[in-house]
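In the part that follows, the structures are each spelled out as structure tokens.
Across the two complexes that follow, subunit A remains constant while its partner is subunit B and subsequently subunit C.
Entry: the complex of A and B
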């Protein structure tokens, strides 16, 4: 993939988390782009084979927002056509965009780390000259290309049935297109961090569960945050979750004024910076605890 | 001489009891196996508590905005949730683990070991696995149900109680059939990894009475994936919504599914080529 090989493994103590590839800043950037493009291509080629499997996954994934949508539209209709500032049509818009955002912010499951550590797959990953997070980021980004193509007919079908009402400005689209990638990177960082817990304990299930429940309730995945009690909304404001679900969704369906859009992007950048630093620090500690078996 | 007379009846009686005995045997093995890992009980208790808390939070959110959902009150929806948790526990304790093992066996060819045994293959593949810790959800579901019933003003008599139990049994049978039909497809489509995720996703729809869903979805959730029969129907029995016609329909559909499942299983089995390759 990348011609020059760095002499130190990324996990080795003192190794840079973002090693330079090639010489000079321009060659370095080209190296990274090549790496990502190549990994994404491989991922697309391998995922295209599993169309049935991917569609099974899509249908399972789509039922979740459809349930929320039906429940909340029913409530809205019973309350005279609106609840928490949402009409049934706006709920439809929210949860249809939800399906795309959900696909976009899927990141490596923390459960994968159990297999990586136990099976020794990690040893191979450590030999590569770049930090393994790049492989995960690029690989799943490639998969998203496949998923978005599969998603289009589903979105059309849902729109036909649930009649969403949007009021989209061009700026919303621009911000959305940036925000879904921000959401992806941000969520990837947090799930990676969560996965690293595996290096310290084998009973990771409860830790993961707490994380995912907190995310479900405080990200806007379950309901638009305006329907949550005030204290929960305030809590959501100081946590990273809402920038990966609620923010991109509400950006696109036209519920956020320009200053909120900018603030949201800023918060994404801030949280990505924070989480990436923690990932870098924890990774160094984690690799020190890892003793390889085969690979 | 003396034994020839009653022999057929004993054989018939034994045949009927045999699946139950096999189940008992495998249940013991499964339980002994899992009793080695007692810490898993703590993990399971924790997960069930978390799931229950989330479910109650969602119910609280909905009923913070309204007093009834599609004609169901909060206590009635609590009953639906109880049935949903309980049935989910049954599925994960006894149905899903067996089906996943069957899928692996078909893929790896190890189904041979089942087919060479002098027992009915369908019975064998249906009783081999039993995850006792998952049964925590059966208990949690029952507790939620008991609380819901206590909140319902009508209360529950013996008759409706029995009907409720019958509905649960019918529901479990239908879910079993549904799973086995899908799993049998593994004889043709070898890779079906996502099936479990797909079912879990769809099963979540049972947390709400299927009557709130739009028509096409309601019909799919009744006849395509029998969640309406498995969860909503027992809850209807508890909340005096169930008519005798619906009950008869459920029973007839369960029988039909059993027959179709049996037929499809045999068809699939004929397509199985074994591991000798």
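Entry: the complex of A and C
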């Protein structure tokens, strides 16, 4: 049997914790980069274990845009080769990029929070000296690295079948590469906000439904926004949904002039700032609530 | 005199839980008037723990142990009272505070299920911003201490419960916390594995002078690690003191083991016979009578062997809780006043 230790232990009471990488702005940046890279690497390694199920998941997800694509291409041909400014080739380009954007802006669903609280995962997160949103952002970002690799053959296959037409400038690609991550961060913030509602009540299914229906209609997920009535397009301009979906797609397929590209990035920054501020405020209240009722 | 590592004063946690009778009528009534009941999980607890102390926190299920530990680690916000850990208010959950503590719960898992534990350790390094060389040194030292060298490269899902728990301990201590909250850390483990975990905790405490607050239903854990115990029941402290004093305070008996040269005999005239096995009889006598009974046994009978022991600690603890259930005053109890 081990002998009792207690206060007679020879170790120095209150000995310092393990050495860290230091303080200061540079060390701080290095620390954040290190955290994101480490979390993404873990996520990639985990997802590779599930590569087959991930592939089936992606193939299942392609069904939705293919249906939209077939319907709108048929309508365009019946309308004399164009509808809402889209030719069948441009529809093909729109919905093929759609498949990538849809996967890239997947974020933690609000329903996951209930399991997080009930399963005790949240307690583990709260004991760490880092805000849990970083774990989610970096973890799902790592998953997306796997998704991009899996997406390439699917995109090649769809391109072979539907013959998309692109008119891409280098700036479109650059903006797309930024906008796709902006879209992901923005959508993550809003889904996090919805998830935090479960700290107060779990009966918020209808609220989630309203959000997702509004997103479906006003983001460009269901149809390109130019096919929507004017009032809907104006409404979409001032809401966050468009900047998570339609904007990165249209940026890559070359439908936006330079000023629209810059405005889109600006809107993403604005909405990210707004949603991040609300998340920060609500998170404090949610933790207070959680720590009041127990977990 | 150093500041206490943990200082708790009149700490309370009350949960408000909805109550409703069964049946349709009760369901309809609850639409208009919801009834609640206050559950006092922790009801005015006070204690201090000095840096480097290892303290056992004992109590039956629902006594308030885990709730107290959660308040001390910042997971729960106290309803009233004060808790200070390493000079911090835990409920503020400041990063600097969280870097200096850890909490190990026997049924929780912080390791990535599908990956080798080494990958999870790397993530922990990044989360706590640990200096890589020192991190590797600590990690390898802990891996060797727990004999995990062959296992750290296997996916966690392929490890046994005990192996996983050892990995959890490595992960929980990589940042070398100064305060350890251990909530049933050996739950469900076999005896060998429990012993290994206990040795590791003792070694960590010795090496780094860490403060440890441990809950466990296995008294072997407590006896191996803790000189001091705090006994809690119904959210109130019943005893706070040396483990050795527990039986003196709560059990006024001694157990005398007698082996006679010529076999067994009826010893009921000397005390309460607890058992007779393989020629050895166990007698329970009051603490005050023990010297006199011993003298009589030695004088009257051909005694081959005789021992006088305190009752097993499990029996003492059981008696403490039984006394509390009966709401009888317990001699020397620390808790102030009875329950309302």
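Assume the second predicted complex is superposed on the first by the 268 of 295 C-alpha atoms of A that agree within 3 Å, B and C clash if a C-alpha of one lies under 4 Å from a C-alpha of the other, contacts with A are read in each partner's own complex, and residues count from 1 in each chain.
Here is the rule we go by: a contact is a pair of C-beta atoms (placed from the backbone, for glycine too) under 8 Å apart; a residue touches a chain by one contact, two chains touch by 3 or more.
What you are looking at is a predicted structure, and each value in this text was computed from that prediction instead of being measured.
Contacts of A:64 after superposition: subunit B is touched, whereas subunit C is not reached. Applying the stated contact rule after C-alpha superposition, one finds that A:262 touches neither subunit B nor subunit C. Of the two partner chains placed by superposition, only subunit B is touched by A:206; subunit C is not.
Taking subunit A as the reference chain, the count of touched residues is higher for C when subunit B and subunit C are set side by side.
In the overlay built on the shared chain, the residue A:270 is in contact with neither subunit B nor subunit C. Legend: residue contacts after superposition of the two complexes on their common chain; A:35 is shown touching subunit C, with no touch to subunit B. Shared-chain residue A:83: touches subunit B; no touch with subunit C. In the superposition on chain A, no contact is made by A:285 with either subunit B or subunit C.
Of the two partner chains placed by the overlay, neither subunit B nor subunit C lies in contact with A:174. Overlaid on A, the two complexes show subunit B and subunit C touching the same residues of subunit A, namely 50.
Across the interface of their complex, subunit A is touched by residues 2, 5, 15, 50-54, 67, 70, 73-77, 86, 91, 93, 95-96, 98-103, 105, 107-108, 110, 112, 114-115, 119-120, 122-123, 125-131, 134-135, 138, 174-178, 195, 198-199, 202, 205-211, 220, 223-228, 243 of subunit C. Considering their complex, residues 1-22, 27, 31, 34-35, 37-39, 41-42, 45-46, 49-50, 120, 123-124, 126-130, 287-288, 291-295 of subunit A touch subunit C. The touching residues of subunit B, counted against subunit A in their complex, run 39, 43, 46-47, 50, 53-54, 57-58, 61-62, 64-66, 68-70, 189, 191-195, 197-202, 204-205, 207-208, 212-214, 216-217. Those residues of subunit A that touch subunit B in the complex are listed here as 50, 52-54, 56-57, 59-64, 66-67, 70-72, 74-75, 78-79, 83-84, 161, 203, 205-206, 209-210, 213, 216-217, 222-223, 227-229.
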